[in-house]
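Dropping the structures in below, format is structure tokens.
One chain, subunit A, links the two complexes that follow: it is found with subunit B in the first and with subunit C in the second.
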Partner chain A sequence: MTAPTTSRRLTGESRALEPRSGGGRVPRSVRRGRPRLFTRYAADQALLNSPAKRWWTLAALVLALALPFLVARDLTHLVTTAIAYAIAGIGLNLLTGYAGQISLGHPFFMALGAYTAAVVGGRPGTVTWGLELDLSLALLAAAVVPAVVGLVVAPLATRVRGLYLAVLTLGLLMLGEQLFKQWAALTGGSGVGRAGAIPVLFGSDLTRTYAVGPLLVTPETGLYLLALVLLVVLGVAARNLARSRTGRAFAAVRDRDLAAEIMGVNLLRTKTLAFVLSSAYAGVGGALLAILIGRVTPEQWNILMAINLLAIVVIGGVATITGTLIGAAFVVLMPRVLEWASEWLPFVSTGSDGLLNVFQLQSMLFGVLIVLFVILEPRGLFGLWQRVRTYFRTWPFSY
Partner chain B sequence: MSRSRPTRAVLALCAAGTLVLAGCTAVDDPGTEAEAEAPQPSDEAEDTGSTEEPQETGAAQITIGDGVTEEPCPDAVNPDNGCIYLGVLSDLTEGPFAALAVPITDAQRAYWRQVNEDGGIAGFDVDIDTYTRDTKYQAAEHAAAYQQIEPNILAIAQSLGTVNTESVLGDMDANDIVAVPASWWSGYAFAENDMGLIMETGYSYCTEAMVGLDWFAENHGEVTSVAAVGYPGDYGGDSAAGVQLWAEANGISDVTVVPTGPNQVTGNQDAVVSAIAAANPDVVLLAVGPAETAEIVGKLAAGGFQGRFLGSLPTWNPALLQSGAAQALIGLYNHLAPTEQWDGTSEGVEAMKASLDGEEPPNAGYIIGWVMNYPMHALLEKAVENGDLTRAGLRAAIDGLEVDFQGMAEPITYGGDGKEVAVSGVIVSTPNPEAPLGVESADEFYHGATFDKVDYAQACSATS
Partner chain C sequence: MNVLPTAIISGLGTGAVYALIAVSFVVIFRATGVLNFAQPGLLILGTFATSVLAVDVGLPFAVAVALAVLVVALLAAGVERVAIRPMVGRGMFPTALVTVGVFIVLLILAFRLFAAKARTVADPWQLNQLCLAQGDGTCAVPVYHYTVGRVVVAAVVLVLLGFWLTRSRTGLAMRATALDQEAAMAQGIDVGRMFSLSWALGGGLAALAGVLLASTGSVVQANDALFALVALPALILGGIDSFRGAVVGGLVIGVVTAVTAAYQPVHAPWLGPNFENVVPYVVMIIVLLIRPYGLFGTREVQRV
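This part shows the complex of A and B:
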């Protein structure tokens, strides 16, 4: 008697529903109108598991690809900056949001990534190093080198938690600032700085304009598309990581690390992995930022940038990837929106006259928003969006 | 459905993407086609109507391009004139140089308003307000603001900060945007650094140190030891490099360099005070801000320091005469400047005073801002004579441009390298509560012997 290859759980007609290659057969009429009913494991595990998600993601991608051809050049540049901050923010969210390790030292890793890319892919100056290699190699190095440094730093960080970890990472930031100010061959020195990597990707110079059929790809558009591709790849990778076994380990460590350890989650390994990954993301974000700004000085990787990144994570949504994107767009684009809105606000001016100027308003608004979001909606803007979505999905039973 | 379907879909997508990428060709004239094909909804309320296509305007036959329109400026003085848009990227609110930069910008506005009232330039008014942006002295803000205003301006009337200017220099080169910097880095005298786009005014910090020390040696006796205090970078770094060059040329080996930062960053200057007290030099060259100057001079004088102080251009603010260090400053400090001060006698100073109806500005930033406009004005007039008021035309007109600054500063002929463009005259001033803006200045420019001896073939301090 041959051993049965299918399970004996289902009998009779129901055998038609058993999972095997090719899948079971479920009539389509059963699934119509029931988007949350999954009849295959693959469908259950899919990232885009409902038609609505699939169509909206496609629409978002199409819009994102078309954006630089529709808006002014400086807005494209601004959105690309938001993407660079989003990549770094995803790294911080992995570390702080998912794994619960508060870090104020994120700009240090961004700086490492920026300077690595500048050395590997940048022009040498009278004082500074530069190897003028391809941008792909520079970005790869910008991910690897901070990750290795994160690997070195992690064992220190795994010994402390909460406030002490925040102070330790702040110390790392200050150490880094001094290091970068003194190491002129790497950074150009205090007050002087250096340019980022030269944007020559796979031999193509991104500072030239290209024509693809009727479309013109200007330098800003080229950098934007590069950043977008990186964001999509890294964002999907982070999302998948969060849904995986590692992501669940992160969540366990965040919620109660002692309990996680007792359950068998290796604390050292998990926290180290969180640091390494977040440092790699920060490195790539920093490298992109250096190319976009054109020149980076050691002074700019300071606690104000750390606070900006935390604002991106908190306002956007802790432990969400989409939230980080929203948060980065908010933090980077809000000054421009305020500048535009200041024409209508009577007490706000763009210069130094008037009761309040735009920059002061912006700083105040940030602080107020961080406080409000932490108290009222810990999941940030993404949480707000979830509430709106749930309301409409469960309407009229949304109580 | 097989598990390999998603992989196949991804592969297909990548192949399609690569095919699209393989179809792209480089285009050599980005300006013309980019503006024409990609619709550019302007961020600004005003529609500047910019077009890359050169237009011939009426009888004047002047070619115009980006940044110049035939429509009048917003709030135009002469409604029949066209408009030339100039950009200003300055530190107007939060950065360390805001106190100086706000009067600089005000002076520029006053100057161009007067030019407009006199009829403008060849039928065009000059607008400097619409594209003024605050950069908070940060390279990131400067780059973002530059990206925002670049499509709509003809040139940049003020670019504050060497590092900030350098961050967008590549883009300026690609778009032929010339600029007048509000920074005095020695590298601007060399085409390898500024790509022929920057019209500096006055000496560099490096030159200032050399000539200032020559003046000191002539007027206060032999120098055996020198100290240089400054912010790292193009300001203090350039100044310190000048001190080193002077010491080498004059056989002085006792040089102390003390880097520091603004009080916003370091809190106070105690470290500087102890370093100088320990080194005990004959003269200290200060390349810091006014508050830091007062603190350093006051504390060292109180501690019994016997040497004197030479302050670089941005170190003086008349308000210092109300501080506790006033007596020390009057007794021990001299201010160095590349231009005549408020008590000067040249035509330029008279015009500047007239613009404020005889009132004094808050500080000498106003003088700097006034002087900065002469090169741009001369450039615009020369471009108009050549019939080419486009960006490329302006850039080409820099070569050989002669500017006399109406006597306020030493004349410069742009387009050369090194000593051909670098001027070295210094106006030395002494603090005096009776004098306008608190300083009584010398009657004429002082030139030292050391600058001629030194080999000025490259920037004194590197910016990378």
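This part shows the complex of A and C:
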């Protein structure tokens, strides 16, 4: 009888507060206007731990579902691209933000996922393989194969730390690029590339337009909804992982791996798990991205993409899932916004005659933003949002 | 033509440049604890400045190089003051990311300045060769003048740098800063000035390396900045905080790359074209497997 009691203590729930023994139940009149009153640890740690969060999440979901029917088709496509980046970014955030292992090799795993999906779910070409299976199988394979490769690479990566790891993963990226360039049966070869998986999900072809009641589901919308479902499932899974025992082990390893090891965290297992999970996320993101782009060459998954992904994690917010979504939206949508704004900026030209063209301005602004964000707001866009939230929550007091 | 000696000698030339770049990384890393990913940007701007001064203005090559090195050193010190100084005490990873941001800005600047034009640096070596060993009728072991130039310049600069760091008062102050910033401050050393100085030094070395890299008698483009990334495996191979390691790593990477480029297309064509570009990373990964802190790197002492 003693053993269960001890284990129950460890869950953080005091028996006096358990609903069964009469505790923990706070009258409605007391709870009203006090959304942050938690009487149980589980309620405090819940994903949506306040009514405001529940309502806003619901509103965001409704808006996300309605979005493709409200905006132009090319904008839907762009948002879908942002979602693909967000999925890969969540993977990198698990590894870099939560577990503290810097990786510049993330695009390698994205490429692996993209080409695996293309082989399983794509059409065979003159040199390339293709099994023409269903997209669900292709996406599954795109998660499993990078995860297995991550499992193979992880023991090597767990040996080195810090900046050594960053350059080691950069080496992985370079070697991977060489491999993909050579392996034409998988990738279509250097400079040629191949198409992504055919978007046929559970037998229904997403390249056709369907009419569902009064709504018209265009190919863009179909892909968008698929990506959205994947994002929600994978995002919630990551959030759940982050607040679990494994998530706490990740954080302990990030903050001080030696201390974590002394406290009984198995370093090899934890770091390997982080690598495997992040590779799987990267694979799914890469597979989606390949379908969206249409044709992917081995040269595409380069160091610039690695920098983009790191920027998504840092600008969005290190070790936050919501932040990664904001970061991905920011990085992917910013070029469009700048293009639109460049009409009013005097020193920017769309041709090559002005001081800077749009592309150069984008890249330069991108660099400047990384510098500014890291210096001024270490917690990224999500930190900015937190500040706003705290301001209104504590109003009229400053803290 | 005798393949192996030719490859080794030209590899030593490239390796000397890699060593110079790797040392420029080490100078900055030791003083400020920052792995400066912006080095390629500084390198290409040094090349550009030399090209402008030597070709467009018409200054003598040596004067142009000296001025360009000075300009880039000032630029690097400015970057340190604006972007890196606020990051003191904020950890390695965020600071490295700031330098990535600076790298993007500098690279775009370089692309804009070069404006898709290929430039030369008007070096005195061009494509002249000297001959080490005569074969039957042709030269068996040809050596380009620029290879000799690279090795000599890099050696002289590195020896001078070593002397300056070990013998001069400022060098001592810099080493003290690298060892322990607070203790150095307590001894009356202006740590901030040492930071600026190390960045200026690192920037100047990168600019010089850029000129040496470009002085092959052919043209140079903004894209060539990415050659500096090859110095990263050299740096890691030797150990991120070791001058000796940087030199050894640079030379090893240079020679291995050249030998691979000479033999791999014939003996192992299945590895694909341009395999020599990834060989540095292969060497680095193998070394890291055996020694996680490189050949000469300091093993990190951890306290809880």
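To be clear about the criterion, the second predicted complex is superposed on the first by the 370 of 399 C-alpha atoms of A that agree within 3 Å, B and C clash if a C-alpha of one lies under 4 Å from a C-alpha of the other, contacts with A are read in each partner's own complex, and residues count from 1 in each chain.
We adopt the following convention: a residue touches a chain if its C-beta (ideal position, glycine included) is under 8 Å from a C-beta of that chain, and two chains touch if they have at least 3 such contacts.
On a predicted model such as this, the values are computed, not experimentally measured, just so you know.
*Asks:* Putting subunit B and subunit C onto subunit A via the overlay, clash or fit?
*Replies:* fit
*Asks:* Identify the partner contact of A:D74: answer first if only subunit B is touched, second if only subunit C is, both if each is, neither if none is.
*Replies:* First partner only, subunit B.
*Asks:* After the superposition on chain A, what angle is formed at the C-alpha centre of subunit A by the C-alpha centres of subunit B and subunit C, rounded to the nearest 10 degrees?
*Replies:* 70
*Asks:* Under the stated touch criterion, name the partner, subunit B or subunit C, that contacts more residues in subunit A.
*Replies:* Tallying touched residues of subunit A, the top partner is B.
*Asks:* Could you tell me if A:R208 is touching subunit B, subunit C, both of them or neither one (first, second, both, neither)?
*Replies:* So A:R208 only meets subunit B here.
*Asks:* Now for A:L310: first (subunit B), second (subunit C), both, or neither, which partner does it touch?
*Replies:* In the superposed model, A:L310 contacts subunit C only, not subunit B.
*Asks:* Rounded to whole Å, what minimum CA distance do you find between subunit B and subunit C in the overlaid structures?
*Replies:* Across the overlay, subunit B reaches subunit C at a minimum of 5 Å between C-alpha atoms.
*Asks:* By the touch definition above, which subunit A residues appear in both interfaces, subunit B in one complex and subunit C in the other?
*Replies:* Touching subunit B in the first complex and subunit C in the second, residues 181 of subunit A appear in both lists.
*Asks:* Provide the residue numbers of subunit A that touch subunit B in the complex, in ascending order.
*Replies:* Listed in rising order, the residues are 21-23, 42, 69-75, 77-78, 81, 125-128, 181, 188-195, 205, 207-214, 216-220, 292-297, 299-300, 340, 343, 350-352, 357, 359.
*Asks:* Sort out for me which residues of subunit B touch subunit A in the complex.
*Replies:* Per the stated touch rule, the residues are 1-3, 20-21, 23-28, 30, 33-34, 37-43, 45, 92-94, 98, 102, 134, 136, 138-140, 143-144, 147-148, 150-151, 163-164, 166-168, 170-171, 174, 231-237, 259, 265, 462-464.
*Asks:* Write out the stretch or stretches of subunit C touching subunit A in their complex.
*Replies:* Counting only subunit C, the residues touching subunit A are 35, 83, 86-87, 90, 92-98, 100-105, 107-109, 111-112, 229, 232-233, 235-236, 240, 270-272, 274-275, 277-278, 281-282, 284-285, 288-289, 292-294, 300, 302-304.
*Asks:* In their shared complex, at which residues does subunit A touch subunit C?
*Replies:* Within the complex, subunit A contacts subunit C at residues 102, 156, 159-164, 166-168, 170-172, 174-175, 177-178, 181-182, 256, 258-259, 262, 303, 307, 310, 314, 356, 360, 363-364, 366-371, 374-375, 378.
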